[in-house]
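Same chain, two partners: chain A is paired with chain B first, then with chain C.
For the complex of A and B:
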């Protein structure tokens, strides 16, 4: 993960040729695009884990739902922040009520709602099922929000295709570092999810034998 | 009741009647959302500008947001009294599909809290100087949109009914979910005042209504089962 992150970041920040219009600013793309595309995967992830919680009552799935919500909120916030830093240079504004920005902002609010619902419910079993249900409902809703705001007001560019040969507008010298950064961010996400889940397991099982032994070592 | 079995249709009607009767007996619950709608809508001209041209621009949005907030305020009554006196548990224990019971409660709730708001909306629209050709659009879109607010809000209430301080959490959960309806409704009014045809937006709002009628009570039912152990 660290290897990919270091290679991707250095390549993206130092060696990628500058955009002829945007200059150095376009390098924030190498943070913004991977983070933003990954932040869209949180609701499907939580909905799948939530379904597993509701159907098979697996504790591990609930832990994933629990730790994914704050992580998802962070990724969404990062995507919004990096996007608005980029936007201030290219669109001339920090914020605009555009389809993608608004839908991501609403996803952020929904994630905060799930977090606050979990902290409000004291019974952890009920909290698990309530949050699982809300994740599933939210997942459907994020799709609806996404489409509804898209025909409301749109400035954000659609996804760009990347070509294999260097004479195309987005040749390999652009997309290979992006690919590396994408892998790096995905790995970062996976590692933090696993670490957070491990903490959660240890905290919930703090009274069990093997955790006690682990602490004593 | 003798040993005769009650059909689902009868149970549906009984739940509907019971909720309407309770609402009729407790007129406060009926009047409050309505008053809230009037007050919120009249705060906007005071807060923004009494200038009639600017009001005309924002009127549609003001009416929709006020209707959304009024429905949110009324949501809290939907299951709380039933939860506190135990009749919600009886509802969950009944042999009839929970879907129809929840739907009946939602319909009763909308008739009491949503419909008055829709009916008074042309008057407020006049006070806010909404262009007169948009009245019909406003009325029809609110008629289609407010039941969706009730149905979606019902999921949030069902999830939070057991909590002590549920007001704010309910808002945080429910408001982002209501955004698509808000967008479709205000877009419809904006576009028709520019002369576009209404059909497409009505179809989208209608689709949202049908989807939430068929799916939201299922989610509310599941949420009620979680909240009431």
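For the complex of A and C:
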């Protein structure tokens, strides 16, 4: 993960050519795009884990739903903030109520809602069920975010096609560092989710035999 | 495929073609985002293990002093498995 991050960030910052319109602000793409695209994977992930919670009452699945929500909020917040800072000079505005921007903001508030719903409900089983249900419903918004740029032609540009050779637009000198950063952010996503889940397991199972044995080592 | 370095001097690199604020604030936030979601859970892990150990020590002391059992026993997280 660190290797991919270092290579990806160095390449993006130092070696990527300027965009002919945007100048060097195109460096923001290498943070914004991986973070924003991965932020869309949280609701599907939480919905799958939530379904497992509802159907099989598996505790680990509920732990994943719980720890994914704040991490997803971080991803969504960074996607919004980096997009905003990018937009202020390239679009000339921090914020407008564009389809993609609004639906991503809605995702941020949905995640905050799931976090506060869990802390508001005292019965942990009821909280698990409610959060699982909200995660499944929240997936509808992911579809809206994904296709918002095609449905409403307001400000955020649709997805870009990549060129396979250097003489085509958006050739490999642009997308290979993006691919590396994408892998780096995806690995970071996995590592931080696992770290947070490990803590959640330890806390919930702290009285169990195996945690006691682990602690004694 | 790999182009040459786009900057001829370090100060030019910092200036980012006039977009220093935009580029560096995004990369700054990215760094905070990475560190927060790696270092905080790692520290929390150590803290949890320390807490469990301390609680065990306290319980052991109380039990050996033959006072009432499990005075400060941990009753939260009662859904723990394998008891």
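Just so we're on the same page, the second predicted complex is superposed on the first by the 205 of 217 C-alpha atoms of A that agree within 3 Å, B and C clash if a C-alpha of one lies under 4 Å from a C-alpha of the other, contacts with A are read in each partner's own complex, and residues count from 1 in each chain.
Everything that follows uses one rule, which is that a contact is a pair of C-beta atoms (placed from the backbone, for glycine too) under 8 Å apart; a residue touches a chain by one contact, two chains touch by 3 or more.
These numbers were taken from a predicted model, which means no experiment stands behind them.
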Touched partner set for A:110, first chain B, second chain C, both or neither: first
Dominant contact partner of chain A by residue count, chain C or chain B: C
Partner chain(s) touched by A:71 [first = chain B, second = chain C, both, neither]: second
Touched partner set for A:130, first chain B, second chain C, both or neither: first
Touching partner for A:88 - first (chain B), second (chain C), both, neither: second
Chain B versus chain C as contact partner of A:144, first or second or both or neither: first
Which of chain B and chain C A:38 touches, first, second, both or neither: neither
First (chain B), second (chain C), both or neither touched by A:121: first
Interface residues, chain B side, partner chain A - complex: 155, 159-160, 162-163, 165-166, 168-169, 172-173, 175-177, 179-180, 183-184, 187, 208, 215, 219, 222-223, 226-227, 229
Residues of chain A touching chain B in the complex: 54, 106, 109-110, 112-113, 116-117, 120-121, 123, 126, 129-130, 133-134, 136-138, 140-141, 144-145, 148-149, 151-152
Chain C partner contacts - residues on chain A that touch it in the complex: 5, 9, 11, 13-18, 23-25, 27-28, 31-32, 35, 59, 71, 74, 78, 81-82, 85-86, 88-89, 124, 166, 172-173, 176, 188, 191-192, 195-196, 198-199, 202-212, 215
Residues of chain C that touch chain A when the two form their complex: 1-7, 13, 16-19, 21-23, 25-27, 29-30, 33-34, 36-38, 41-42, 44-45, 48-49, 52-53, 56, 74, 77, 79-83
